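You will see two complexes here that share chain A, one where it goes with chain B and one where it goes with chain C.
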Partner chain A sequence: MIGVELRLMLRRRRVWLCWVLLCALPTLVAILLATTRLAPPPGRGGAFLSAVVSNGQIFPAAALALVIPIFLPITVAIVAGDTVAGEASAGTLRYLLVRPVGRVRLLWAKLISVAAFVLLAVLFVTLVSYVVGVLAFGFGPDASIGGAGAIPSLSGVELTPLDVVGRTAATVGYLALCMLALGAVGLFFSTLTDSPLAATLGVLAFVVASAALQPLDAAAAIEPYLPTSHWLAWIDLYRDPILWTNLREGVLVQLGYVVIAFGAAWANFSTKDVTT
Partner chain B sequence: MTAARVTRRWVLVAAGTAAVVGAAAITLPASGSDEPAEALRGRVLAGSPPHVGYAESTGRLGLPEIPALERVTALFTGVTQLRAYVAGPDRWRVDELTPAGERDTYRRDGREYLWDFGANQLTTVTGETPVRLPRAADLVPSELAHRLVGLTRADPVTSLEPRRVAGWSAAGFRVTPADPDTTVGRIDVWCDPASGLPLRVEVAARSDDRPLLFTEFLEVALTTPDDRTLTPAVPPGAGSVTAEAADLAGALRQLDAAEPPARLAGRERVPLGSGLPGVGVYGAGVAGFVLVPASRGIADRVIDGAASAGGVTVEVPVGRAARLSTPLLSVVARGGIRRGGVLLAGTVAPEVLEQAVRELPGRRA
Partner chain C sequence: MIVATSGLTKRFGRVTAVDGVSLQVQEGVRFGLLGPNGSGKTTLVRMLLGLVHATSGSIEVLGEPMPRRARTVLPRVGALVEGPAAWDHLSGRANLRLLDAAGPGRARHRRRRVDAVLEQVGLGGVDRRPVKAYSLGMRQRLGIAAALLREPELLLLDEPTNGLDPRGIQEMRALLTSLNEAGTTVVLSSHLLTEVEALCTHVGVMDRGRLALSSELGALRTPTGRVLVRSPEPDAVVGLLDGQVVDRRGDTLTVRGAEPAALNARLVSGGVRVTGLTEERRTLEQVVLELTGTGNDRVDRRPREAVVPGRSRGAGGPR
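The block that comes next holds the complex of A and B.
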């Protein structure tokens, strides 16, 4: 079942289009920065953007910071919103459940396919932006400690290539978890309706509501538990020493959303009347 | 039957959600301490043990942006994320963390080093000045508590209920400044009773009981940071410059400011170790204020922007002046005259600064 869902996901044109568009935005930004050399002034603009012109190897971090607030959540909403509602609207859900496929197993397979989508999305953005960044801005000045390929951390300390690989892998994993939490919410919304568009819009409304509440003083008590509050905590992986406080909280909050949203999807879908 | 199954499943999900939310929200109660408030104050005054921690400071002073001082006003009007590595009073590092980078201050071997990721530059600062602008490192709970408690050591102190801060059971005490002219209503400090390490500080105004400035550790350990962490680094491609703290005196000398009066608004000028031309500190403790010369451009921009920021015009014998006041901090600027621009700021009633600016001699060219 999981293999079938993964193959189905990889065969979908809209999935590939999402990945292409996600990689296109940072590529466009890199081209514009490389041609104009007009990086945002220090402290302004997206994270790492002011530094990429002197070292292209930092560009994956800048690219992730670019796609995280809007573009990545939109693609996750599209894919997750389509998981169950898409089958229902296409009339295939009833036939799928007639086969000896348990509903929980189906939900689990759908969640795994969403997880694969978000992991590949973050990975593609990282790899493509690394290549684009190095082509556009080079490897940066020769490093005295880590040799060629080292990049400066936010704290000024050099990160060796091995360090960079480890921290980037952790970044990819963390962001994939953040997006999986959103995907799980999308999966739940997808069990509530037969319209993939409604489920997608529901996920986007959820993101917008969270982002709107985040800066409010009146919402300070719930701010640490909002899904968007920890999306930028991965930046702490590029400090030296790494600041784990926000990352640890972020992982727990996102896991909480995955468990609760999947539980809600299970509670709703297990006894839902499937007519289409 | 189906309805019952549906209900059972949702009850299970609701119970799971409640368990997850409850686990996140539960905080252990803080245990009390028999230590008297005066003794706790003494421990804080004695200094903090080595520690490493992550803290957040929140300022709600409602200050408008003051030209050329935007970074300073931001410290008192928003949230500042801080990471502190303290080995001792002369060996420490404090990072100001921002979503787009960080600004780190190191102190070791009698020097200060400032690393700014955005500017890609390490600045080595040699020497010291008796007066400087507030900076993020001042907002680390251990530093802020030490500074404020030091300024109010003669004021009455009372005990507060213990509270849990960063997982520690913290004993609290409140200092209530006695000077009627200060805007500071209370300074609350919670510290680890065993080590005396301040964990949370709240400052509230007389006119508003809500804390307008509070800072607390969210995570802290009583460990000594290693030497590597306390050593600033300059990555290849980054700039490295050296500046003398006395350069500030040079910049002030350029303003050709007059000698500050020996007495302003009924307060004596505090003698400063090494002179900063035109700078004067008046009064003691949290009822003091500072007089700083400013270029005509900066003073005029503050005055011009005061009206839109809720400020009021102050009648002065020479030039023009405006006052910006918040419940905790008052600022008065005088401009409109050549070589006579000044800024006065302090945690005193605005009337005190108004009186001071009226007493300042004019300096027409």
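The block that comes next holds the complex of A and C.
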């Protein structure tokens, strides 16, 4: 079933369009920066953008910071909201269930396919923006010919290119987990309705509500448990030494969301009457 | 019994969709489930397949309780529930391959299996066009092909000839009959009486959630006690059988209260030429109409809501 799910996902035009658009935004920013050389001053504008102009290798981090607040969650909402509700509204859900595909197995396969989608999304953005960044801004001022120069961390200490690869891989994993948590919530919403659009909008409402509560002093008590609170914790991976506290907390909270949302989806779907 | 339910009831909120249905379908029959729209046929089929959970009552399919043993029962059942459905962006063949891969069982011979069922339903030469470009009839054929994958022992088909043209209906009837003769039990639901009459050996009639009747088709079509007489001299027949003729259409007369052999003897001895003489039997349509009320797609005005002349229902009107 997992194989079937992955094949179904990879053959959807919508999924590829999401990936293309995700990669297009950072590319557009890179082109604008490269032609104008008007980088925002350090401390303002998107994270890492000021450093990008001097070294293209840091551009993946800047690109991820660009897509994480809105663009990436929207694509996750679209894909996750469609998982069960899309099959229900197309009528294929009943034919999968009588094939038979166990209901838990179906949900599990859907979660895996959402996970594959977010992982590939983050990975594509990272790879494309690395190539674009290096093409637009080069390897940095002190790069030896054919090699790559050192990259400044946010703390000012220079990082070796290999170090940056490791940190970027960790970033990809962390962000994929954050988005998977959102995807699991989308999967749950998708079992509640037969309309993919409703589930997608539900996920977006969830993100917006979380983002609205986050800066509120009155909501300080629940702030650490909001899903969006930890979305930028990966920036700490580019400090030297790495600040692990926020990241560790983020991983735990996001895993919690995955478990709770998947459990809720299972509880709802396993006894649901399929009438579409 | 290949399907056996007892006291099966399903309520959706306040609506009772299926109400105490005890249905028995023997192995090897062609069973037609009839009933007006909204009489609970589809909900019943969904419950047999474990898609909808019963409020009360029990279900056995292929001798095993459902939905508890769905995992062992459903691979032996082929189903078409409330119209076909497919992943629109893929071709029919890709749809069947994915559906086959989703279920349990080996990948071996998948290609051949899929080609075989496509051939069976008359889509053998189908190309790579996506299903969204298919006509209604092609989708219907694809849905039936999906039900036939893995050679089921029981076929549960909801409105199998929907969207097919007369030739398609004929083909499907022949296909279902030949599968049935090879040992597959066929249960189909329909609101088309003629379809069930032409195909099925047994019928069940649903009405407002209840199983109003379940019987062999032949047993239903009991004689009405009237005889149809054809004669080139209808006037002579009327004259001879004074008062017994209840209806006259051209040269065909309906005669009540007569036994065919005796009637024939009487007519011949009276010098009337007879070209046809048949016992009138109840049609399935008559049986079903006697048993069922209107479907839920007809909404009559309730008496208290009747329009009272000179009094319009304004904002403050009764509700």
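Methods note: the second predicted complex is superposed on the first by the 270 of 276 C-alpha atoms of A that agree within 3 Å, B and C clash if a C-alpha of one lies under 4 Å from a C-alpha of the other, contacts with A are read in each partner's own complex, and residues count from 1 in each chain.
Methods note: a contact is a pair of C-beta atoms (placed from the backbone, for glycine too) under 8 Å apart; a residue touches a chain by one contact, two chains touch by 3 or more.
On a predicted model such as this, the values are computed, not experimentally measured, just so you know.
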Clash or fit, chain B versus chain C on superposed chain A: fit
Between chain B and chain C, as viewed from the CA centre of chain A after superposition, lies an angle in degrees, nearest 10, of 140
So, does A:A267 touch the first partner chain B, the second partner chain C, both, or neither? first
After lining up the shared chain so the two structures overlap, which partner does A:L232 touch, if you call chain B first and chain C second: first, second, both or neither? first
Go through the superposed model and pick first if A:S50 touches only chain B, second if only chain C, both, or neither. first
Looking at chain A, does chain B or chain C touch a larger number of its residues? B
Have a look at where A:L38 lands relative to chain B and chain C in the superposition and call it first, second, both or neither. neither
Regarding the shared-chain residue A:L154, is it in contact with chain B (first), chain C (second), both, or neither? first
After lining up the shared chain so the two structures overlap, which partner does A:Y95 touch, if you call chain B first and chain C second: first, second, both or neither? second
Is A:A218 in contact with chain B, with chain C, with both, or with neither (first, second, both, neither)? neither
Smallest Cα to Cα distance in angstrom from chain B to chain C after superposition equals 7
Would you please give the residues of chain A that touch chain B in one complex and also touch chain C in the other complex? 271
Please output the residues of chain A touching chain B within their complex, sorted ascending. 41-51, 54-55, 140-144, 150, 152, 154-158, 224-225, 232, 235-236, 239, 241, 243, 245, 252-253, 256, 259-260, 263-264, 266-267, 270-271
Residue numbers on chain B that touch chain A, as the complex places them: 2, 5-6, 9-10, 12-13, 16-17, 20-21, 24, 54, 83, 95, 97-102, 104, 115-120, 122, 218-219, 229, 232-238
Touching residues (chain side chain A, partner chain C) in the complex: 1, 3-4, 7-8, 11-13, 90-92, 94-102, 271, 273-275
Which of the residues in chain C come into contact with chain A in the complex? 12, 46, 49-53, 70-71, 74-75, 77, 79, 81-90, 98-99, 101-104, 146
